[in-house]
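Before anything else, here's the structure in question.
Labels for the chains are A, B, C and D, by order of writing; each one numbers its residues from 1.
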Amino acid sequence: MINYTENIRKISGDLLKSGKVDVVIGYKKGTLPGINEPFLARTPEDAQKLVWDSQCRLNLANYLTNRKENVGIVAKGCDSRNIATHIIEHRVTREQVTVIGVPCTGMTDKNKLRELAGGEITALTEKDGIITVTSRHGEKTVEKQDLLQSNCANCLHRNPVINDIPCADPVPEINTARNDAEIKAIEAMSPADKWAFFEDLLSTCTRCYACKNACPLCYCPTCFVDESRPQWVGKGDDPIDVRTYHTLRAFHCAGRCTDCGACEAACPMNIKVRLLTGKMEKSCFERYGWEAGLNTEVRPALDTFTLHDPEEFIK
Amino acid sequence: MKILHIDKASWDKGVLKSGETYRLTGPVKDKDTHAFKNLNDGELPDMGYVETKMSPKALLFPRSEVMLTYSTNPHDGNCNIMKEASKAYPPRAVIGIRPFDAKAIQLVKLNFDTEEYKDPYWLKAYEACTFVGLAINQPSITDFSTSCNTGPFDETGLDVLVVDTGHGFLAKILSTKGQAWADAAGFNIEAGADAASKITAMKKEAEANIVSKISVDKIAGKTVLELFDAGHWEDTAFGCINCGTCTFACPTCWCFDIQDETYGTQGVRIKNWDSCMTGLFTMHGSGHNPREYPYQRTRQRFMHKLKYFMDKYQEGIMCVGCGRCIKQCPANIDIREICNTMNQ
Amino acid sequence: MTEFEPKIITFLCNWCSYGAADLAGVSRFQYPPNMRVIRVPCSGRISPKMVLAALRKGVDGIWVSGCHPGDCHYIEGNYYARRKFTLLKELLEFQGIEPGRIHFSWISSAEGVKFAQVANEVISEVKKLGPAKHFIKCAPKEIAAA
Amino acid sequence: MENPYIPYPVSIDDIQIATEDKSLKTFRFVFQNKSDEEKFAYKAGQFAELSIPGLGEIPIGIASSPTEKGFVTFTVFKTGKVTSHLHTMKVGDTMGIRGPLGNWYPWDTLMGKNILIIGGGFAFTTLRSSIKMMLDPSNRSVFGNIDVVYGARTPGMLLYKDELFEWGKREDINMHLTVDTEAPNWDYHVGFTPAITEKVAPKASDDTYAIVCGPPIMIKFTLPVLEKLGYKHDHIIMSLENRMKCGIGMCGRCNIGTELVCKDGPIFTLSDINKTPKEY
């Protein structure tokens, strides 16, 4: 990770110095152990604050939306797929963006870290794939791969798909096929159990919208939750309103989601919102062979069709 | 001030007994965190809890609260006339509330209980409450409450302060309401003469364990416009995704929305939590938005907490240093850092 | 006890399925009166928001019908709709909406017989499931108290 | 405990189309309970929340004058969900009014002073209330000279036209009506409000106050004119708008800096406003 950080600083500094980009979007060291803060470097000096480690959970493509200047952006595999999606959806142009590609070995799951520490984390260090967390109960050391977010453990595209200036050599992929075990387990339930499962899953949702705001796909000028004529969904904590929100959010991401996990990492209540978006991506893959953001040419699954798409359920 | 000694077994019994007179609310395990909930019969508050993700503000200011009801049925005598929703406010004991959260309620009171207008929903719920606080022996690394006119043993807004000494509880009675609750619980064994000094010592120790500090002295001396127009906001707010996590978790954030919901010909006017982080919050009917850009909303939040409130009420800042927003922010926006920037 | 008569919201595209409903009517083909028809310009116009809005109001079934693939008045609206419906149906059933509540069909304006036949099928499937149980937004308790 | 969220039930007593494009209507309401009218005692410049069950509430300036008894009027521009519905309502319908809310033009300060009123477009409602109040025989002698500059796009877009022309005939008020471009049978000024203000406004003095109410673009160009004429910032009074919900200073969305537009405002002097962020 150290050389990732050093390389990112060097590349970003050079890009800013040369004037090739006006800003670089990256991360700076967080104020708490276990989290970093998205950061906009405007000068070569700023670039020296950039960092990279396994606590960069948010998707930086989210900060690229509608930017007008030339932007350098530090991007892991999933971020780069969202940059591709942004380009397809005209949020930015390809020419505007210089991707500083990070071959990604995954992000840690904030909850696994906390469980490991057994209490408040007072310090965290990461070196050569080993993570050490410190709490009042002492120090625990674990291999990073045992702490990965589930989307990272199941990742199929760890290396950036757009990679203008790689900050390191590609890393080997760790999976060859989707792991849909969790989703399949739900699919196997009875309708009543499915309903109850999600009722419980969403019961702590406060509608803070961290999931949608952390998502690079959610950039509509007026979100459906804010529409008033007609108003599709109430604004309180009614469970059906909560369910409506999550259902429509997942649907809006269908065929566009890269399973970056930012929504789940952002959720303060640790709700597994990826189960809904994941279901949509599973369907897109099974039905249309579609994975979002692998290039900047092909329209996403719901923005295209073939004459013979499956339709066994249509009378 | 009277201090009672309660051993742990008597505590459980007494709390349950007080449930005959009070509706009990306290911290209980809720999935991977704790939450303030109404306790079921026989259920005890978890006095070993560390923190609740959501502050207990919802006890007085629920996430969604029906205020008024109406009928749109023309055959109804009261068609289109708003009525106050009927609600009962039986006495409630809030057990285990943290001192900074109780302090926060006092700050929120400045908004809901004013000379000109009183929010009856908040105020009636407030008046029905007896706050039995639980001192914090081991502050979190994000706790900066002592910089916010409160602290781990602060008694402001509490009716009883309970201190967990390890072998039992010391309960400092702070008001007649607190005495009434202790009576209802049957707690009447006065602690020994050394109890007060024991509490003082524990308080000192807890305060000494606080590692986070902020300071607002220079903010106080600057004008609103100096702080507002400072050049740093776009960069300070860069990481902020403008979700409502901080505002919802915050014990002092009180902003709300009013919504009507009609079901057939019957309807309700509801007060819902709202957040200054959203664009819709300030959007004019014309489409003009005075806080069009996300950074302007982030700025509003911190200006409100650290400057506007201070200037308006002369009661310090609108923050009790509980640290929830710092821990829960998905983007690591840290109020301590922003306060430092503003206080330069 | 009277038999359960479901309410079914039916979205029909203006150019084909709505015509089919008309034709079924003038041809006096029989189908039960459980449908509440909403005419839309194209099956591609249907947003999941509309389907959810109907569920939230407590309808027992939903039926969306448009032109056959290749016959869309707007050339390709129903091709997009097909993908949208595929995912929507899967997403709703994934969360516990029973298969059999949500139906789709392609019916041209000449297919009055098919319209009546599908209507009967949809109604009987929804009837078998009984009244809708999920995704219904209920009034808060304060209304009951008022 | 008085519940400030409960609106007074009112009946729509009269509806008048206020402008030629029909985008504004003037609604006259009567209180269903006589005692509510007394509780609704207001001053010119205040506003109220018009409340339609099922749709919501909107803050609207009170257009009637405290000197007019038995009813209150509001002129409402059709723009969002609530106002659009209001425009479909009929005489006799029941709805609610919550208020009066906010502060008022500083009538205590304005006593004995010359008043220059500058209005544009729809924003003439509380100005109408103020003029009507000042012209009331019991009040007229309390104020010095009254000058009114009021502009609209076309003659048909002027609010309260009949009254304006009536006032035009009076000796105790100077009306300077203007429209953007020449129009048939228009015998008054032609030109934008700021330009006409520059021509007709009384000289600035310690005893002359300007009340300015209009669309942002009008305000933007009028303020420099007033400055040029020598009006001091604390002699320029404005009424602000922001998105509101509660109207009683609690819901938190309408603030400009420390000031809540709904409760501390909506009326501010320019010198007050200059101290706050321009978030309106």
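Heads up, the rule we're going with is that a contact is a pair of C-beta atoms (placed from the backbone, for glycine too) under 8 Å apart; a residue touches a chain by one contact, two chains touch by 3 or more.
The structure presented is a predicted model; accordingly, all values stated were derived computationally and were not measured.
Enquirer: If you average the CA atoms of subunit A and of subunit B, how many Å lie between those two points?
Expert: 32
Enquirer: Need the CA-centroid distance for the pair subunit A / subunit C, whole Å please.
Expert: 35
Enquirer: In whole angstrom, what separates the CA-based centres of subunit C and subunit D?
Expert: Spacing between the chain centres: roughly 50 Å.
Enquirer: Averaged over CA atoms, how far is the centre of subunit B from the centre of subunit D? Could you give it in whole Å?
Expert: 39
Enquirer: For subunit A, write out the residues touching at least two other chains, lowest number first.
Expert: Touching at least two other chains: 234, 238.
Enquirer: Among all residues of subunit B, which ones touch two or more of the remaining chains?
Expert: 71, 83, 257, 259, 261, 267, 270
Enquirer: Got the subunit D residues that touch at least 2 other chains?
Expert: Where subunit D meets two or more other chains at a single residue, that happens at 80.
Enquirer: Determine the shape of the graph in which chains are vertices and touching pairs are edges (line, ring, star, complete, other).
Expert: Here the contact pattern is something else, fitting no line, ring, star or complete shape.
Enquirer: Looking at the whole structure, which two-chain pairs count as touching?
Expert: A-B, A-C, A-D, B-C, B-D
Enquirer: List the residues on subunit B that touch subunit A in their complex, please.
Expert: 30-33, 35, 50, 53-54, 63-64, 138, 140-142, 235, 238-239, 241-245, 247-249, 257, 259, 261, 270, 272-273, 275, 278-280, 326-328, 330-334, 336-337
Enquirer: Please output the residues of subunit D touching subunit B within their complex, sorted ascending.
Expert: 1-7, 9, 32, 51-58, 79-80, 83, 93-96, 216, 241-243, 245-246, 248-258, 263, 275-280
Enquirer: Considering only the defined contacts, which subunit C positions touch subunit A in the complex?
Expert: By the definition above, subunit C touches subunit A via 48-49, 52-53, 56, 69-70, 76, 79-80, 82-99, 103-106, 118, 121, 133-138, 140.
Enquirer: Please name which positions on subunit A make contact with subunit B in the complex.
Expert: 30-32, 35-40, 42, 57-58, 62-63, 111, 119-120, 122, 136, 204, 206-210, 212-214, 226, 234-238, 262, 265-270
Enquirer: Where on subunit B is subunit C touching in the complex?
Expert: Those in contact with subunit C are residues 66, 69, 71, 83, 85-86, 261, 263-264, 266-268, 270.
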